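Pasting in a structure now, in structure tokens, and then I'll have a few things to ask.
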């Protein structure tokens, strides 16, 4: 029904130097619907959205918003028209209070001065609408990411937005927080707002959307009502390949008498993890499952020395080891790929080659530099082995896509020939094709005798790849299963028991 | 894989603009008064003379400090204390030369304590002060501007107290050689600068230290997680800068054969930072260029020398410096560089297109 | 609706105990502590008189006025190194215009205002639209101002004009009732035009920061410039105006200083910018931006002014010890800042919902 269309984008085309980013893409959004926009990295999702928010200029095509043709030239203009965006890195000011963040730039005035009373009152009312009874005069940085996102949405709503674009809003939320977000989205939908929901989490897409649109390599693959497509079909459309082929992976085989490469007994650090023991055999892959906040990253950081363990003992390859800082772990043969690659992984202005060689160089110390020849050989080897998409090794890593950046970081650690490789959410924020590649790589490394510790929030990945699964809950290890005995239901119920006991803390 | 000459990258590089600026300045000079470039030999002092020599000679103090400052800025910080350390270095040297100043009031060709002490103690103290900065910034996790501000504020006070507020003078010939003598026909400061530049360049590029500095400057946490000891890198850089300030202080005080705690090193930190920035290193940290810094320091000194040479009133020096620096900074700014890069690549595209047809 | 009530009552208490305010409390606390020390040590020689307190304001008014503008610049996350130079230039313009050229001082002041504010606006424009770091831009601005100042005159010029004399000698004496009559307090304690100007600018600063959209935009930009842009705030315009306002403050500081010393000299106020920055930092303004309070700056100025006052009362120490003491004070404050930040982070960490997996 065209009259219901809030937004119509027709035949959008954008050409960047060397690549056609969008090729005759159509997208429509109705009032009062939640519409998911899906596609792998590089498919064109953010490019399309940037046309709408005034960041990109279209080469061809039209945008019709509420019956009028528009061409926003800047984010401010788009916002003024009623198109608001909430980004993954909540773009608010951490030093201002919650109330201020909602009203900054358009504060209600009284007698030529800012009316602080009105701001506090209205902010309180707004946040109450979103089921957040928080103190709005505390600085924003006091609150968790989930709450901050609510504040960002509150601001968008208060400026009378007609279209709300949510760009990867659930990446740092736990399940409770995601449900809260969905409740808010449903409320807004009921008030007639059109919501564009961009995400990599397919389960969430099916839980919340009314319609979805799939892009692939800058082309429109199709728009569907949610009832008309299954998850399998969806993935196939996104990737263009058969899901079975991608995920035809087998767990590593581990010898019964394989020695323990890493044996951590009762390690702990006050305020982080009290007491945990982890043991990994040679060539084995251990998966860590658990909710956000269960302590998996903290455990990994202690194994690697990013956080000092104050109690317990660590043995690497049978020998006692004291690991106080990452360098110590590196020297002993432990490698760690952190969760937030942008913040903790990539050195953005250095080249791919320099990034790959970094850990090996750090282990040798600065007085023993790797020769250019050695560095180039290393870079070429891993660019080929991991299929990193780049014309040459000198390109700055900051210019690569998320998936390729992750591969470079992985290469950095693989280059150290580790005995133990710890990967914290290596497939987060990466398209399906690259996810499968990384899982295959992990298993290959197991085959070559490397022990892998794999932390992931996606249970199907954990179950598919792990020989053993450790389940964590509230900073404690609660169970250990064999990979072939594990099912999603089993793991979820083990995790769920813990959440019930803790009560309503998470909200 | 051999890389082809990437013109738009060169146009976008900041070092290029530094080279262009210096070349332009000298070219203008060549047209107006070519005698500027003459170099002559003076047998009485055994060294070469000439404006070009003088430019490189007098830029020594700044160039030496700027070597350290380049690394500091590459780490994303600034060191404001260098000027104060220059004053401290000179004060200590003169103190050791003239420890007798209450007894004898005439400066003579002698030194009270051994020359080794005159040279070594100032350097050691400056190293210690550099370590103070390094400790505050690496272990104390303070912002470099603030941490080095402390010594900048205190340092001159300390220098004054060392000589009890007095200005000592000396006539000791070996001390004179540092700032006013010559080695291999060139003024000593030039040789010292060359040695320092070479030493720093070798240390930074022939080892992985330079890469680590860039890495820590771009992302300290990720560097640490890759096994780099960021605290040690930071500590070494600030200690080195302190040491270099000490050397610069010795040269400065040798030129005037006294310690001028009020004026020694005045604005040196600003000149050093400018030299680094003009040379292409970004103040946000990361990739740096030692060559660029040397060029930057030479440009600053060229301006000053040209002003004197052309008989423009000395008072105008600062104004001139400011204008030329303003021009260089604007030319180096992102929007302007991108504009030129776009134009050069567009021109190449047009040429290619034409060639195809 | 009792929920809302408790929420808002909570918020007053939590607002007052907001960790950011701890820095300001520390400043106030330290000020009182050092004042107490002075009272104990030098109470008998007149430290505790009202005169000492008012002299603190009279002697430091020009620092204070400049610190108001600087606080605003620092909150945006920037920095302005040109303030001392612009103030000095202002004094020179007034001195030269009035004494040498015979122009009415008000016209000279007006001209200085145009120059100072104009330079500030220009620097703000370069910083935002050409993306040149504030450190470098304002450093160049400083060189420009000093350069122009030196061009006008190398010598110090006295200001002799009846109006200037009147303005400089205008005082309000503090009176007290004695036998039913108002008499001046002995020893005489007064405030003059400079102090009034400082108080007026302080109130304007507080009003701008806390009551206008402009002021809140300043805080927003300091918190996250990128977010501010995406939220549709007028970042460019705000930044340009902030530097323009600081230019205004520099000129006013220059006028105040000229009234104080009744002369203009191109070497005056050298290094004053760092004193001003010190005042702001001691007053709780973070150099990283986003945090700062005019009230804190007020106490920062007073605290900084206490030190030379104490040294004067002591009479034995070289004034250079004052520099060292200020440096140590700065060190103390930075340490306090770090401790506060670290403890609030830890407190926050416990209350926040866990984000790590």
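Letters A, B and C mark the chains in the order given here, with residues in each chain numbered from 1 onward.
Throughout what follows, contacts are C-beta pairs under 8 Å (C-beta built on N, C-alpha and C of every residue); 3 or more make two chains touch, one makes a residue touch a chain.
Everything numeric here is computed off the predicted structure, so don't read it as measured data.
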Quick note, more Cb pairs in contact for B-C or A-B? It is B-C
Outermost chain relative to chain B, judged by CA means, is A
Chain centres from averaged Cα atoms put chain A and chain B apart, in whole Å, by 45
Chain-centre distance (mean CA atoms) for chain B and chain C, in whole Å, is 31
Expected list for chain C, residues touching two or more other chains, is none
Residues of chain A that touch two or more other chains sit at none
Per the touch rule, the chain C residues reaching chain A in their complex are 3-4, 7-8, 10-11, 14-15, 18, 20, 207, 210-213, 216-217, 219-220, 222-224, 226-234, 290-291, 348-357
The chain A residues in contact with chain B across the complex are 304, 306, 325-327, 329-330, 336, 338, 343-350, 354, 358-359, 361-370, 392-394, 412
Touching chain C in the complex, chain B uses residues 78, 80, 136, 140-143, 145-147, 149-154, 156-158, 160-161, 165, 266, 270, 273-274, 277, 283-284, 313, 315-323, 325-326, 329-330, 333-336
Within their complex, chain B touches chain A through residues 1, 3, 206-209, 211-212, 214-215, 218-219, 221-229, 233, 286-287
Counting only contacts in the complex, chain A reaches chain C at residues 75-76, 79-80, 85, 87, 91-96, 100, 104-107, 109, 113-114, 120, 124, 133, 135-139, 141-147, 155, 172, 174, 177, 271, 290, 292-298, 339, 424-425, 455, 457, 506
